[in-house]
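Next up, some structures in C-alpha cells.
One chain, chain A, appears in both complexes that follow, with chain B as partner in the first and chain C in the second.
Take a look at the complex of A and B:
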C-alpha cells in the first residue's frame, strides 16, 4: 500500500497519527524524513511534531533493516533469571545476519528470560534454546 | 526605567475567574482568582518557589520537579505549578524536606551541564544558575565521568541566535513557546530518556532549514544559554532597558530595548505590551541592524542637478539652500507648486509637523501620505458607514471571536505577532474563513485549517462580498433586531433588495468570481450563524479599483450580521505600517486636518488658523498621483518627502520616475539614499526609531510612546529637521520636545483631547478617542451606537476593473509581502533577514508554467501593458491557474514597473493587486532594469571632498 493510501485510510479517524505510523513502518519497514513530511502536511501537523513521535517510539525507525529481528528482554526480571549470561552467545549466534534488539519487559516476568520474534513470544529460554531460536529467525 | 532587571515571571499564566480563593503560603494569607496555581499565588504574595520549566506565558508543564511544595493534609510533595490554589489551603514552600528534594533534582541537572558559568554568555542572566543558588547546591556527587551531552555540537545556522545543546536541560520551554506562543510547532523533543534532545524540524534539519520563523520566542523562553542571541555573545549582557515601540508593521509591538551604553544589545518583547503581550517576530526582535548599516547617510547633501554627484554640506547650508529654492519656486509659480509627503513610518508628531509645514509654511494643502497607496479606502469606507476612519476593536478582542473571516490579508507574513494570537484562538476552536486568491499559510498549516477558502479571481472582492450578503439576506440570516436598533432601516431595506437580487446569487456570480457557489453559501451561513463574527482585512481589500466599495461591503456584512460594538466581533483593518493609523489621524491627507475634519470647514480652519497664526487654503490639495501628473504639466515643482520611497513603492514606476524628474526640487528626508533619492536635489539624513522620541498609533488605534535609546547618528531627530526647515522658511517654531507637539495635537483634535506624554508615561498606551466621553480611551468602538449616529448601508455595485486579461496578457498578477522582508526593504534588506528572502520570485501555477516551458527557478520575464521586469519563477500550487504572485521588496526587481495606474474610484489608492501580465522565459534583465541600474550608479555618486 502506498503512503498516500495509508494516510487516506486513517485520515478521518480520531488520532490518526499512530495508526498511520504503524502501517507505514509495517509496509515500508521504516518512516523516513520524506514520509514524516508527507504525513505532517496531510494531518496539519509540523514536520517536527511527527518526527518527535517517530523518534520517541523504538518500534519506529528512520531507516529500514531487512534482517530478521529478535527482541531479547534485558529488564530487571529477566536479568534476575539469568539473561545477561546468555547475551554473548546470542550475539555470536546472531552475527550480522540477525538483528538482536534489547527490549525492556515483554510482560512475562515470571517465566523469563523472554524473547520475541515478530508477534510471537518465547519464554523460559536458556542459552541453547535462545541460540536455536536465533538460528531459525 | 533605570538599570537592568529581567522582566518578572509569575510561573504560570494569569487566570481570570469570577471567584477567588484564599490560602496561606508560608504563613502569609493570599487571595487569588480560582484556578490560579499555588506557584502563581506564591509569586503574587512576594514569595519565590524555585522553578525551571515554568513560565507565565506557557501552560504549566510539571516536568522539572523543582517547584515541589508541601500542602497540609495532602500526601507527598506536589508540583506547585500544576496544583491549583484552593480555599483554606496551607502551603509550605521552604522546608528541610523540600530543600533536600530540590537539591537532589538540581544535582542531577548539573551533572550533565558544563560548569563554565564564568565564561558563559548567560552569566548573571541564567535561571539555572539562579535556581542552583536558590536550592543551595554545593556539590555534585555523581562526577562527570559518565555519559553526558557536554560534547554536543552547537547549531549556529540562524543568523541571530545559536542553539548549544551542551547547555540544554530539556525543560521543553522552547518547544512549548514555539507551540503555544508562536504557533509554528517547529521544535520537538527528539528521542526519549537520556537521549532526549531539543530538535528543530526533523533529522538532518538545523534551525535554518526547519520550519522555524525566527520569532525569538524560544530564545526568550530558554532558562540557560542554550538558545542565546548572537549579539549577547558578542557584546555582553545589557546594563539598562528602555521600553519603546517597534517601527515595522501596524501591530505595534512594545519592546524593551536592552542597551549597553549607546549600543543596542537586543530587543526583547515587553510582557506588559498590550498589542503584543510579550511576543515578537523576526523583524522587530532581530532586524534592527540597518540602524548601523554602512549605507546609512548621516550628513546633509545637495546638488543642483541629478546628473551631478552629491555634495556633502552642513545642516545650515543644506537648509538655507532648500529654503531659498522653495521660496524662489513659490514666488515664481505660487504656493500650489509646492507639496510634501508624510510617512507612516514616522511618529505622529513628525507627521503632524510635515503637514503643518506644508499648510502653514508652503501655503498649500498639497500634503499626502503613503497611506494613499495602502489604507486610504479604509478611511473613506469606514467613515462613510460607521462614522470613524478606524478599526473597531483591540487585538485582545480576537480571543472572543467564534468565526474569523480574513479577507485579502496574510497575517502570518505581514502581521505575524497578531497572527499568533489569532492562531491561538483558532486552536481553541474558532472557525476560519479565508477569502484570498492565494493559499496563504492560514488556510492550511500546523493545527490551523480554514473551514472555507474562497480562492477568488483577483479583482472580484465586491462580487464575493455581495454574494455572501445575498445568502445572508435571502436565507433570512440577517440580525434584524440589531439593524433596526443601530442602523438606518430604510437604507438597509434598499441594500437588502439590492443584494437579494438574483443576479447577486453565488451561482450567478460564480463565472466571475470563480468561487464555487456551494462553498460560498456554506461560508456565508457559517459567518451569520457561528456566533461572534470578526472580519480582518488587509491591502488585498483596499488596493483595487473598488477598494472603497469593498471596505463598505465589509462594513455592510458586519452590520447585517450584528457583528459590531462588542468584544469578539468587528471590522479590523490590519495596517501595513507602524503608524498608518496615526499618519492618517494627523491630517496627512490633502483634504483633511487632524481628526478627519475637512479643510473646507471654515470653523475647523479657524481653529487651526488661530493656533498657527496663518491663513489656510480652503481648497483640498493634490494627492500623490496628482502631484506627479501636475509635475509633468509643469504646475507642480517642489516636493518634500519624509521617510517614503515613492519610486519603488508607488505603481507604474516609469510614470513616477518621469514625474520626479520633471520637478525642480525634490527633497528626500530618509535614512538611506533610497530609489526616490536618485531623482533628488536635497538629501536630509533621517533618524531611526531608536534615536527619537514620539508616538506611533497602531492598527487598534493604540497610541504608544517611542523612546529615544541612543543619540541620532545624524545629530537631529526627524521632527527637529522639519522644524529647522520651517524656521529656515521664516516660521517661528520652538518645540523642544515632541511632547509639546503632542500637546498641540491634543489641543486641536477632539479625538486626542485627553492624550499627553505624561498620560502615556502613566498608562503605557491609550486607544483613541481619548476625551471627556472616553477618559481612558476606547478599546472597542461603536459600543452604544455608531459614531455617525445610525450605521449606514451602502449599495456596492460590482464594477469589474478596466485592467482586463486578453490574448497578450492572459495572467493576473497580484503582489504582497513576505515575513522576513518589509515593504521596499530599505531596512530589512540591510539585515541578515535576506538569508530567508534574498530576491523577489514569481509564484506561478504548474500548469501555467508548463504551457510556457518554465521550470522551477527559471529566469522569467514579467510583462504588462505598463512595463516589464525579470525575476525567477517559483512553480507552485499556492496560486490558482491564471494567477501569478510576487513581492515588491527588492529594487533589482521593481515589481511596480509592471503595475498600472488604475486606482480606487474614491481615494486613488492604486490597484496593485490586479495587473494583466504575460510571463515568458528570459535570458537577461529587462531594458528598464539595465537603464535603471546605470542611473542608480550615477545618481548615488557622492563627491569625495566634504564641505567643511
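Take a look at the complex of A and C:
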C-alpha cells in the first residue's frame, strides 16, 4: 500500500496518527523524514509533532533495518528463569546478521525465557534452542 | 470420531501446540481449538472426554490414543490446581472455543448484557458498586465510583476505554482473557457503555500481543450486531510501557506522545478528546459481564476479605514449578500461592524473593509469606498487589542487580514528562552501581533520599512506584548491595 493510500485509509478516524504510523512502519520498514512530512501535511500537524510521536515509541524507527529481528524478553520473569545467562551466546550467534532486540514482556511469564520473531512466539528456551532459533531467523 | 481439545492460546502455541494438533488430525481425530485452562507447565495440554495429558509432544499421540501415555493427569476439572480455584472471570477457560458464539451463549454469555439493558444506568452503577468490584489494573479504585463520575459528568459525547496495555512482567491474565474469552470483554464493554452513557469504546492493546489483537478484532466483527448501536474498536500500542498509565494511554489514542497528563482533571471528567471517559482494565470490565448476571453481584460481594471483594485472577510466574493462572477469592497467603499451589521453584532451589505486582511492585522476603492477598494488607506492608502477578526467584538471584534493573527499566520507559522519573531513574542506576562497587553509607542515604523524591514528586506510578522494588531489595537483602 502506498503512503497516500495508508493516510487515506485512516484519516477519517478519531486519532488517526498511530494507526497510520503502524501501517507505514509495517509496509516500508521505517518512518523517514519524507513520510513524516507527508503525514504531517495530511493531518494538519507540524512535522515536529509527527517526529515527536515517531521518536517516542519503541515500535517506530527512522531508518529501516532489513535484517531479521529476534526480540528476546529481558524482563523480570524471564530473568528469574535464566535469560541473562544466555545473552552472550545469543549475541555471538546473532552477530551482524540478525538484529537482537530486547523486549520487556511477551506475556508468557510462566514458561520463559521467551522470544518473538514476527508474530511467532517461542517459549521454554535454553541456550541451545535460542542459538538455533537465531540461526534460523 | 475422537474429539481432541487443544488450546490455541499463544502460550500453548509457543510451547508447540500446533504441531501436536496437526499430529492428532493426521491420525483422523477431530481437533477443537479451545482456550487455555491456565496450567502452563502442562502446555500443550491435550483433552479427550475431560481427561488431560501434558505437556504433549507430537510423538506422544499414539500412546495417548491407546491409553498408555505416562503424561496422563486424569480429569482436568478435578486437577487440584483447577479444583482449588473459584473461577468467575475465567469460568470458560479451557472449556470453550474463543470465537464460537454458540459456546459463549451456552455458558451464560450475554445474560449480563441482556439484564443490564433492561436496567437504568443508575441501577447498573449501584449494583457494580455493591458488588465491591475494584479496578484490577493495579490502583484498586472502586469501579462503580468511577462510572458514577463519568455518568454524572456533563457532555454529550462520552467514551469507554479498556486498558489492555498489560506491560507488567509476570502478568498475563488480560492476554489469556482476550485470547480465550474475547466475548466476555466485549459484553462488559457494552454494559459499561450503557452505564456511563458512552456511544463508542476502544480497547487499547499492546503491540506485543498480536494474537490477542487478532482474536479481539475477529470477535468484535462477530458480535457487532449483538452490541449495536454501541461501537467498539481495537487500537494497538507501540511498545511504550508507560502507556499502561491511563492518561498516557489517552494521549496515545489521540495520536500524541504517550506522556502522562497531570491530574486533575480526572479522565472521568476530561478524558479522551476532552470528553468524560471511563478507563478500566480488561479484568475489571470482564468481571462486569458476570457481575451483572442474575445473582452475580451478590455472589461477587460474598467472596473475598475486608474491602477486597470478589476474586482476583492471580498469575504465578517466573521461577515456579506450577505456573499459570489461579483465580481465587482474596485472602490467600503468599506461602499458599507459591508452595502449596505453585509447587515451589521450577529449579528446585529455595525461594529467595518474590515480586508481586509487576516491575513496580515490592520484592517480598520468604519470612513475610504469611501476608494475605488483599489490597489493604499489601499497602500496609509497603507493597502492592498491582495486576496480580507473582514472579518467583530462587536463591541464585542477585537482588542488587534486580534493584538496578528496576531503576534501569524506569529510565528506559520513562515518558520524560516529570523530572524525578526522567533524571532520577538514571541517577538511581549510577548510585546503585557505586554502592555495589564500594558500599558507603552516604550513598545508601542518598539512594533512599532519591527514592523519596521519586515517590513524592513523580506524576504517575512509573516514577512513583519504582522505589518499591529498589527499597524493598535494599531493606531485605543488604548483603546483595555489598553490605
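Remarks
Quick note on the criterion: the second predicted complex is superposed on the first by the 137 of 137 C-alpha atoms of A that agree within 3 Å, B and C clash if a C-alpha of one lies under 4 Å from a C-alpha of the other, contacts with A are read in each partner's own complex, and residues count from 1 in each chain.
Following the convention adopted for this analysis, a contact is a pair of C-beta atoms (placed from the backbone, for glycine too) under 8 Å apart; a residue touches a chain by one contact, two chains touch by 3 or more.
Note that the structure is predicted; figures quoted are calculated from it, not measured.
By the touch criterion defined above, A:103 lies against chain C but remains apart from chain B after alignment on the C-alpha atoms of chain A. Once the two complexes are laid over each other on the shared chain, residue contacts for A:37 go to chain B alone; chain C is not touched. Contact with chain B, but none with chain C, is seen for A:62 once the two complexes are overlaid on the shared chain. Once the two complexes are laid over each other on the shared chain, residue contacts for A:79 go to chain C alone; chain B is not touched. When the two complexes are overlaid, the chain among chain B and chain C that reaches more residues of chain A is C. Applying the stated contact rule after C-alpha superposition, one finds that A:119 touches chain C and leaves chain B untouched.
In the superposed model, A:131 makes contact with neither chain B nor chain C.
Shared-chain residue A:52: touches chain B and chain C both. Shared contact residues of chain A with chain B and chain C: 52, 56. In the complex of the two chains, the chain A residues touching chain C come out as 14-19, 21-22, 43, 52-53, 56-60, 73, 75-81, 103-112, 114, 116, 119-124. Across the interface of their complex, chain A is touched by residues 10-11, 13-15, 40-41, 43, 166-172, 175, 207-211, 235-241, 252-259, 273, 315-320, 323-324, 346, 355, 359, 389, 391-394, 397, 402, 405, 409, 412-413, 415 of chain C.
If you check the complex, the residues on chain A that touch chain B are 33, 36-37, 40, 44-52, 55-56, 62. Across the complex, chain B meets chain A through its residues 184-192, 199-205, 210-211, 444-449.
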